[in-house]
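Shared between the two complexes below is chain A, which has chain B as its partner in the first and chain C in the second.
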Partner chain A sequence: MDPSEVEFLAEKEIVKIIPNFSLDKIYLIGGDLGPFNPGLPVQVPVWLALNLKQRQKCRILPPPWMDVDKLEEVREMERKEDSFTPPPSPYYMELTKLLLNHASDNIPKADEIRTLVKDIWDTRIAKLRLSADSFISQQEAHAKLDNLTLMEINTTRSFLLDSLNCMFKLRSNMQPGTSAGKALDY
Partner chain B sequence: MSAALSDEGSDQNDSQEDVMTPVELIAKLEEAWLNEKFSPDLLENKSEVVECVMEQLTHMEANLQRVRKGDMKASLHRMEIDRIRFVLSSYLRSRLQKIEKFFPHVLEKEESRADGDPSYLSPEEYAFAREYLANTETYLKAVALRHMPPNLQTVALVKAVPEPCLDSFVFLRVKERQDNVMVEPETDDQREYVVDLEEGSQHLMRYRTIAPLVSTGAVHLI
Partner chain C sequence: MDSQSYLPVPPGVGMEENFLSLDDILLSHERLPSRTECLFPRLGFLEKSTDSQDIQEGTKMELPLWLAKGLYERKRRVVSIELPKVYREGWRTVFNADPTVVDLHKMGPYYYGLGSQMLHFDSPENPEIAQALLQTFIGRFRRTMDSSQNVYNEDTSALVDRLDCLERVLFKMGQRGLNSFQGWEKGRASHLTASTLVLNYRKRKMTDLQA
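Presenting the complex of A and B:
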């Protein structure tokens, strides 16, 4: 899956914005939004928030987890624990990137948040590499991956799955009588 | 104009036979999209979902035709339509790619299924697969086979084209709790064992083990 498609899914998350225009309730296929009144916070999906922001029609309120103190806590937890701790948001990396790239003027301490999220990401990816390594070397057939986000899974997907499939192919070719030469991509 | 757009949410619920709201419909489409993207095999077709979504989109577009240009509401509706259209076409495209890749097997499966079973291909996809098969055969004949000695002029495509590999690993998230799912061992000196899939948990395992759960909707691929 392309990272932009993961970002596409992240754009469905809800954020609060403060619009500077007024508009009646609108009835989208995916749910109702609004009404919009200048100065009153309203919940919208991220894709809409970013579009309105680009047209300078609103101010985005950062999600509650996007806060220096909270993220520092998460980073400490993540470094202390050997397993994955619950991520601040299932789309924390994508949302940080989207909101900081398009609305950094609405987010206090944007640079610190960027560094913290990057630290959390790096710690988690290092753990992910370690566990993928032990998964393969112990030839496991099942792994539980709670607390992993879609973006994290996606960064390791093609490499991990291709390697597993290649190993499977090599192994099944060693045993006589099994049909080899099946399509191993996907 | 606002009347044209604001009756949107209410009148569409009644016009469909089943009681699926547009919100649930879009969620269904996205789930089908991701499942199809990540499963090694072609899944059952979801033509009711596709048709309902198409209906919603055409309906909404017809409404938008009546709106003057530059209207704020209309532009928001257009953006949403574009997003849904993207998911829909990506879904259909990934099915077509699989059909092209595994066409002899897909056709064999479709033609050998019992009458009551749900079909894997929509009528359009079936026509596409048949045509693809015919074109491939014609092409092979024209380019190579007719120059071969008479006893080598046939080729069995079912044997020549690779089958989908059901043993590949997939990532999945559990929607309904499943107890005692059998995990087959990787090597001969390991023993098989069972795992419980708890609701909301995520796993990495072989597609073959959980394929039936994907089609019932108890788990979905991520």
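Presenting the complex of A and C:
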């Protein structure tokens, strides 16, 4: 899976905006988007929010978790625990990148938020690697990890699956079983 | 999208080889020390050291894997294969002690592949060889994972030198995941780039055609 695909899935999340135009309720296949009145906050998906922002028709409000103090707490908790803590949002990495790239003027302390999110990401990826390593070195049959976001899974997916494949095949060497001169023809 | 335009046949890891895989074909060129158990009449020209017309019984020769596999029979009438040095007791203890310091590329670029193929030849040490292969892989996994996921935009030749071909494939996969993530983060994911297939296939210019 591409990171762009994960970003596409993240754009479905809901965010609050303050439009500066007015429009009646629109009825889309995915659901209804409430009437837009200038100055009144309304909840829309991220893809629409970004589009309106680029056309300068709205102001984006940062989501509740995108706050310096809250993110600092999350970071401290992440560093203390050995297992994964629930992330601020299931798509925190993508939303941070999208909102901070397009709407950084609407979000206070954008640079600090970027640094904090990067720290959280690094800690979680390090934990993921540690867990993958112990998975392989103890040759477990299955592992369960809670609270991982799709982007983190996506970065390690191909490498981990290939190494597990190799390990499985090397393990099957130990039981020769039925492999007397089998050759695969394609 | 980073999916390739064509997918080469991957090497068959383990005791099977994929017939169409280039890696397996190259692997089967590795030479194994072996001993002939019967007379090969009129094939003396293959053995450069003696001048006789046929290859006598009991000559020690180096046979490539593809030939050795084809000639080997359970009753061992034709050839008997010796294990290459790397898979013997001495080196196995080295791998047990610390797998990460060994330069696996020097030990034959296809250490895991050849080791798995050696299990065809019914040596009494087969279980230990299989175990050693697995343990070496597990021991080196951490190093491969860390180096592939942390090196970005630098020269990786120093790291890749000591890896065997199987590990190089894994390294490349890790690098690819890392590069695509970093590219996305920098915003380069939305740039259109020419496909590698088009870049490699350069159109002939009209002047070349007419010349």
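Side notes on the structure shown:
Methods note: the second predicted complex is superposed on the first by the 174 of 186 C-alpha atoms of A that agree within 3 Å, B and C clash if a C-alpha of one lies under 4 Å from a C-alpha of the other, contacts with A are read in each partner's own complex, and residues count from 1 in each chain.
Operating definition for what follows: a residue touches a chain if its C-beta (ideal position, glycine included) is under 8 Å from a C-beta of that chain, and two chains touch if they have at least 3 such contacts.
Only a predicted model underlies this, so the values are computations on that prediction, with no experimental measurement involved.
When the two complexes are overlaid on their common chain A, residue A:173 makes contact with chain C while staying clear of chain B. In the superposed model, A:165 makes contact with both chain B and chain C.
Of the two partner chains, chain C is the only one that A:101 touches; chain B does not reach it.
After overlaying the two complexes on the shared chain, residue contacts for A:7 are found with chain C alone; chain B is out of touch. In the superposition on chain A, A:139 makes contact with both chain B and chain C. When the two structures are aligned on the shared chain, A:155 is found in touch with chain C, with no touch to chain B.
Once chain A of one complex is fitted onto chain A of the other, the partner contacts of A:61 are absent, as it touches neither chain B nor chain C. The residues of chain A shared by its contacts with chain B and with chain C are 139, 157, 165, 171, 181-184, 186. Residues of chain A that touch chain C in their complex: 2-4, 7, 97, 101, 129, 132-133, 136-137, 139, 151, 154-159, 162-163, 165-167, 169-174, 176, 179, 181-186.
On the chain A side of its complex with chain B, the touching residues are 1, 5, 8-9, 21, 23-33, 47-48, 51, 135, 139-146, 148, 150, 153, 157, 160-161, 164-165, 168, 171, 181-184, 186. Those residues of chain C that touch chain A in the shared complex are 1-2, 9, 12-20, 112, 116, 119-120, 126-127, 130-131, 133-134, 137-139, 141-142, 145-146, 148-149, 166, 169-170, 173-174, 176-178, 180-181, 183-185, 187, 189-190. Those residues of chain B lying in contact with chain A across their complex are 2, 5-6, 8-9, 22-23, 26, 30, 37-40, 56-57, 60, 72-73, 76-77, 79-81, 83-84, 86, 90, 101-102, 162-165, 167-171, 183-187, 190, 195, 201-206, 222.
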